[in-house]
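First subunit A sits with subunit B, and in the next complex the same chain sits with subunit C.
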Partner chain A sequence: MATPQFASFFPDFYIERIWEKCIKCRRCVRECSYEAHIWDPKKKTLYEDHTKCVGCHRCEAMCPTKAIIIRRHPAEFREHALWTPWFIKNVYKQADQGGVLLTSTGCALPFKNYFDHLVLDACQVTNPPIDPLREPMELRTYIGPKPEALEIEEVDGKFRLKKKLPPMIKLEVPIMFAAMSYGAISLHVHQGLAKAARDLGTLYNTGEGGLHASLYEYGSNTIVQCASGRFGLHVDYLNAGVAIEIKIGQGAKPGIGGHLPGEKVTEEISKTRMIPVGSDAISPAPHHDIYSIEDLRGLIFALKEATEYKKLVFVKIAAVHNVAAIASGIVRAGADAVVIDGLKGGTGAAPTMFRDYIGIPIELAISAVDKRLREEGIRHRASIIASGGIRCSADVVKAIALGADAVYIGTAALIAVGCTMCQRCYTGKCPWGIATNNPELIKRLPPEVAYEKIYNLVKAWAHEIKEMLGAMGINSIESLKGNRDKLRAVGLTKEEMEILEVKHAGE
Partner chain B sequence: MWNIALRAKELSGCGIAGIIHRKGELIPGEMILKAICCQYERGNGLGAGFAAYGIYPELHEYYALHVMAQNKQALEKVEEFLQKHTFLNFQEPIPTKKVKTIKDPPLFKRYFVRPKFDEEEAEFCDITAEDDRMVQLVMEINEKIDGAYVISSGKNMGVFKGVGFPDEIAEFFRIDEYKAFIWTAHNRFPTNTPGWWGGAHPFTILDWSIVHNGEISSYGTNRRYLELFGYKCTLLTDTEVVAYILDLLIRKHGLPLELACKAMAPPFWMEIDEMPEEERELYTAIRILYGGAVLNGPFAILFAYNGGLVGLNDRVKLRPLVAASKGDLYFMASEEAAIRAICPDPERVWAPKAGEPVIVEMEEGVIPNQKSYLKPRPAEVKEDALRIGYLPPLLFSSK
Partner chain C sequence: MPLELDISRLYYSQVNKIIRDYIEKGEREFIIRGVNGHRYLFAGVSAEVKVELYGTPGLDLGAFMRGPVIRVFGNVQDGAGNTMDEGKIIVHGMAGDVVGYAMRGGKIHIYGDVGYRVGIHMKAYMDKVPVIVIGGKAGDFLGEYMAGGIIILLGMNTLYPERPIAGLFLGTGMHGGAIYVRGKVKESYLGLGLKPYPLDGEDEKLLEKHLKEYCEDFGLDLSEIFKEDFIKIIPYTHRPYGKLYAY
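Coming up: the complex of A and B.
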């Protein structure tokens, strides 16, 4: 007798087909890459395998007669506060397979979301709000180390700089696209991100999968990543962008490396990553040349040497308990920007335990890092880039008021191109054509569509940020940076407010 | 009395006025009084003040500390502190007069001092080190001695301020008995903090004095920026940060006045993008480095020092400021009426544009300790602080 697979007895979702509406066009069968919809050619009818449904809603969205509804499966276990279906099913899965629980996106647990406990200020009477429709409102931000003072000389009655500023990166909007590798997401999404970054005056990040030949033209809007696997890394790649990001860790899975399953390694990806077709791309947990902070310094300057000091070097870490001290070490090691990725940061694939339980919320991390760098008098030596769980423009404003120079968005950009947060990116079967390299599936999201959606999203956020700045009575983003006066807490404890350095509403 | 917990920065509207004589001739106190009283409606009786330059010519080598104290004990603590850290040349109570409407005023005393240095420090002792030391001492008194504040600390100048209408404060401090080559005055309309004597304008550090009409919405950012350089904002008003920013940018970083003003009220990026290359690079650099020094929000300020008077508006001019001149006299005020009240026939009257400073410096060599900030000077910072981000890579040690 075959061993029963307990997990398959209790599907998560239920595919409801409204037969009066169904015309049996079989669109659902074609759309579902998980094969949850099945056509029976003998009986000439459709049936469903609910266990295969991941809840991506692709069939529901594409059904021409709207005959499909995807619901949570109505079957219920007896209520138990501790042993919820989530834990029961996870135990079944592991008992069935003996493996590590895998998932995607960022932390799904309802930990306190500090952004949702912070409210913003606005002007009333004593100072006038500024109307961004009538007055200039500036979001331009420069990333990179800044000297403390300027050396100025007077020549023929005119002031000028004695020497030019060191290299810095200009952003027209303080929102960049977080590292998502070609491989984890499709080439089309990469093309969309790159083009949107160029038109918005910001940067996108290659992730650790190398840079596809078609994307070199977007170099001045590109951050190339150097992660522990060193996939696709060569001198032309390092010189292709304006910054190199050393990825130490990621908020979704602090302390472990990445894994791109061999199934996702197609011909094109193999070329870009410089690995054989079909081979797993496994990034080790540490960089094998970084076992201490001085080794990081070694790598930072090796990269700077390789690029003749023309490129900035970012160092990305997951927000962990000791994040402030680590960030301080990174700045002292010579990084031009510290990227902090919080607990809520997303991923294409992570062990569930890592995604949900490791790391600290980004809000607390930004505040702690900013404070530490200020206390040590080295805040101007590096920019702080915050990422992980930024869902709307108000989150961006709050992150900057807490001390970030700019933010990264990843998940938000993917949702903009159609992601429904089914959290199954690691399967490589994304029916929306986002987190997949299947040549048939990626056609579902053409690069032009990806570009337009991403561009629109950031444009809208930028507009909203301008409105919020104007309401606060400031007309330039630098006056928001670290400006805790613009924040008040609602429902936070004294300790939390101390860490965030904010007062409670009403104070 | 002012142990009120001030938890937020103040918000206020106000009237301001300033006069300077370019040849250093002395202007009687009645004149500034008339100009500020003309703007009576701009205040609400919760604060007024005056800054006068050139009032202590015999003691011009010494820092004149105007100290405000809640009680004798606080004053004694200040004196003990000064005994320890300074050479005290002369001290006296600041002459005041009883004014009916002013109830329960604090004690005011002035001390003429020079800072003492430890032996080790003494070898580096030059004028700038003296200034730095003085800043430190003032910060220490303001922060650590309960109930005592140094309200001005420059040479040959002093600030007189308190809770009341300008005419009341002038009467209290007997302003009509002083003559100065620069005067500034303030009439306050605070909206969310109790009127307290320390919260009145002008604010000062060394011989910088500021009067301010407006609200600095970037206060949180400015304060944190200044803390990086050791300035402690103890008076919890936005005007205080202006004084420290001026001190940092001009005295410590050596920016010429005009560029310091441009750092505080910078041109817009769209204007900078249109500038010729060298100018564009300069302004881009100023905005990048001094983003923390941008005074964002509506303001008109007047600031003075031994040698000059400057008027500045915010970058979109959300508060009024008018300037005028007649011969060697220059006037600046919130309203033209205030100027006409003391100079009915000015040769020139103009409204300065948003972010365009009006800088009036005295002719060279007309007063003691004269300062001029029109030219750039080398920044007084550590060599490596200027080289951050440049080649070759720098090793830097912890603070």
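Coming up: the complex of A and C.
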């Protein structure tokens, strides 16, 4: 007798077909890369394998007669506050397969979301709000080290800076696109991100999968990444962008490396990563040349030296318990920007336990790092870039008011191009053509569409940020940075407010 | 005529700047003296140049470089050939830790011993195959996560006759490439799931080709090396961690 596979008895989703509407065009069969819709040629009818449905809603969206509804499977377990279906099914899965639970995106648990406990200020009577439609409003942000003070001299009746400013990167909007590798997402999404970054005056990040030849032209809007697997990392790549990001950690999986599953390592990916087709692309947990802050300094300057000090070097870490002390070390090691990726940060593949339980919320981390760097008098030496769980423009404003210079968005950009958060990126079968390299699937999302959606999203957010700034009576994002007076807490404890350095609403 | 430089009074970034300027002007051969812990020499240099270094270069010699052939008359510190792309590093001495980390192409020939974590995550694609030959012994984690390329470990020119030829966790997680070891390795020293194999005809041809070049670099006798048999360590699967997950 075959061993029963308990997990397969209880599907998560239920494919409901409205037969009165169905015209048996079999579009659903073609759209579902998980093969949940099946055509029976003998009986000339359709049927469903609910166990295969991941809840991506592709069939529902594409069905020409809207004959499909994807629901949570109605079968219910007896109620139990502790042993919810999630835990029961996870135990089944592991008992069936004996493996580590794997998932995608960011933390799915309802930990307190501090953004949702912070409200913003606005002007009333005593100082007037500014209307961005009639007055200039600046979102321009400079990433990189700033001098301790400006020394100005007068030459021939003109004032000028005594010393040249250190190199900085100019962003027209303080929203950049987070590292997502070619391999994890399709080339089309990369092309869309790159072009959107150029037209928005911001940066996108290649992730660690190397850089496709077609993307070198977007160099001045590119951050290249150097992670522990060092995939696709060569001199041309290092020189291709305006910054190099050393990836130490990621909010979705602090303390471990990455495995791009072999299913996603196609011929083209094998070429850029220089690994065998079908093998897992393994990024070790640490960089094996970095076991200390001193070693990190070693790599930062190796990269600077290799690129003749023309590129800024960012260091990305996951927000963990001692994030402030670690960030201080990173700044002292010579990084031009510290990237902090919080608990809610997304991923293409991470063990579920890591995604959901490891790391700390980004809001607390931003504030702690900003405070620590200010106290040590080194805040000007590096920018703080925050990421992980930025869902709307108000989150951006709050992150900046807590002390970030700019933010990265990853998940939000993918949702903009059609992601439905089914959380199965690791399978390489993304039916929306986003997190896949399957040549047929990627056609579903052409680069022009990706570009338009991403561009629209950030343009809209930028306008909202201007409106919010104007309402607060400030006309430049610089005046918001670390300006916690513009924030008030609702329903936070004293300790939380101390860490965030915000007052309670009413104070 | 090679260009001669004495860098004993210079900081590494000055040295690299000077070198780059000379390369820009068309200089293709360098003799550099007074090397004393200078970091990042030739890091990121993309040019076909021939270099002789006298002394002990510091961290990350030739990191990310593409093309230079660097002969070191001395030892090298950690990180030599870090993520190097093309070219060659020849060391008439010993090397520290993490030699050839994530190396993508070119060659590293070390006369003596090397430290820990050497050849981690070397890669290869088609005919671009990096090679590290170690005349002495190696520390733990040699060839860990190897995705391609060749490591040849001889264990001959060593300061540590009492030590095993390679440390623990040899080839852990390797999913491509090959490690050749002269003599024997205790199976308990190998990474999980790995086994030593005898060489076949192809292996012997490959070894002869690379070791001939190695012997020419150091004036060694090839027949001396082949007096003992080699074993080969190759991945048992291209997906050592493929069954790690439950879906």
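The rule is simple: the second predicted complex is superposed on the first by the 504 of 507 C-alpha atoms of A that agree within 3 Å, B and C clash if a C-alpha of one lies under 4 Å from a C-alpha of the other, contacts with A are read in each partner's own complex, and residues count from 1 in each chain.
Quick note on the criterion: a residue touches a chain if its C-beta (ideal position, glycine included) is under 8 Å from a C-beta of that chain, and two chains touch if they have at least 3 such contacts.
Bear in mind the structure is a predicted one, so any value in this text is a computation, not a measurement.
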Which superposed partner A:Q5 touches (first subunit B, second subunit C, both, neither): neither
Partner touching more residues of subunit A, whether subunit B or subunit C: B
Subunit B versus subunit C as contact partner of A:T307, first or second or both or neither: second
First (subunit B), second (subunit C), both or neither touched by A:T65: neither
Contacts of A:G98 with subunit B and subunit C, given as first, second, both or neither: second
Partner chain in contact with A:L233 - subunit B first, subunit C second, else both or neither: second
First (subunit B), second (subunit C), both or neither touched by A:I282: second
Touched partner set for A:N483, first subunit B, second subunit C, both or neither: first
Touched partner set for A:E507, first subunit B, second subunit C, both or neither: first
Footprint overlap on subunit A, where subunit B in one structure and subunit C in the other make contact: 301, 309
In the complex, subunit C residues that touch subunit A: 12-13, 16-17, 20, 39-40, 43-44, 46, 59-60, 63-66, 78-79, 82-83, 85, 97-98, 101-102, 104, 117, 120-121, 123-125, 128, 141, 144-145, 147-148, 173, 175-176, 238-247
Of subunit B, residues touching subunit A in the complex: 7-9, 11-13, 191-192, 214-215, 217-221, 224, 227-228, 252-256, 258-259, 266, 268-270, 278-279, 281-282, 284-289, 291-292, 294, 296-298, 315-316, 318, 375-376, 378-379, 381, 385-391, 393, 396, 398-399
Footprint of subunit B on subunit A - complex, ascending: 123, 125-128, 130, 135-136, 138, 140, 142, 144-154, 158-161, 163-168, 301, 304, 309, 332, 334, 336, 374, 376-381, 401, 472-476, 478-486, 503, 507
Touch list for subunit A against partner subunit C, complex: 93-94, 96-102, 228-231, 233-235, 238, 259, 261-262, 270-271, 273-276, 278-280, 282, 284, 288-289, 298-299, 301-303, 305-309, 351, 427
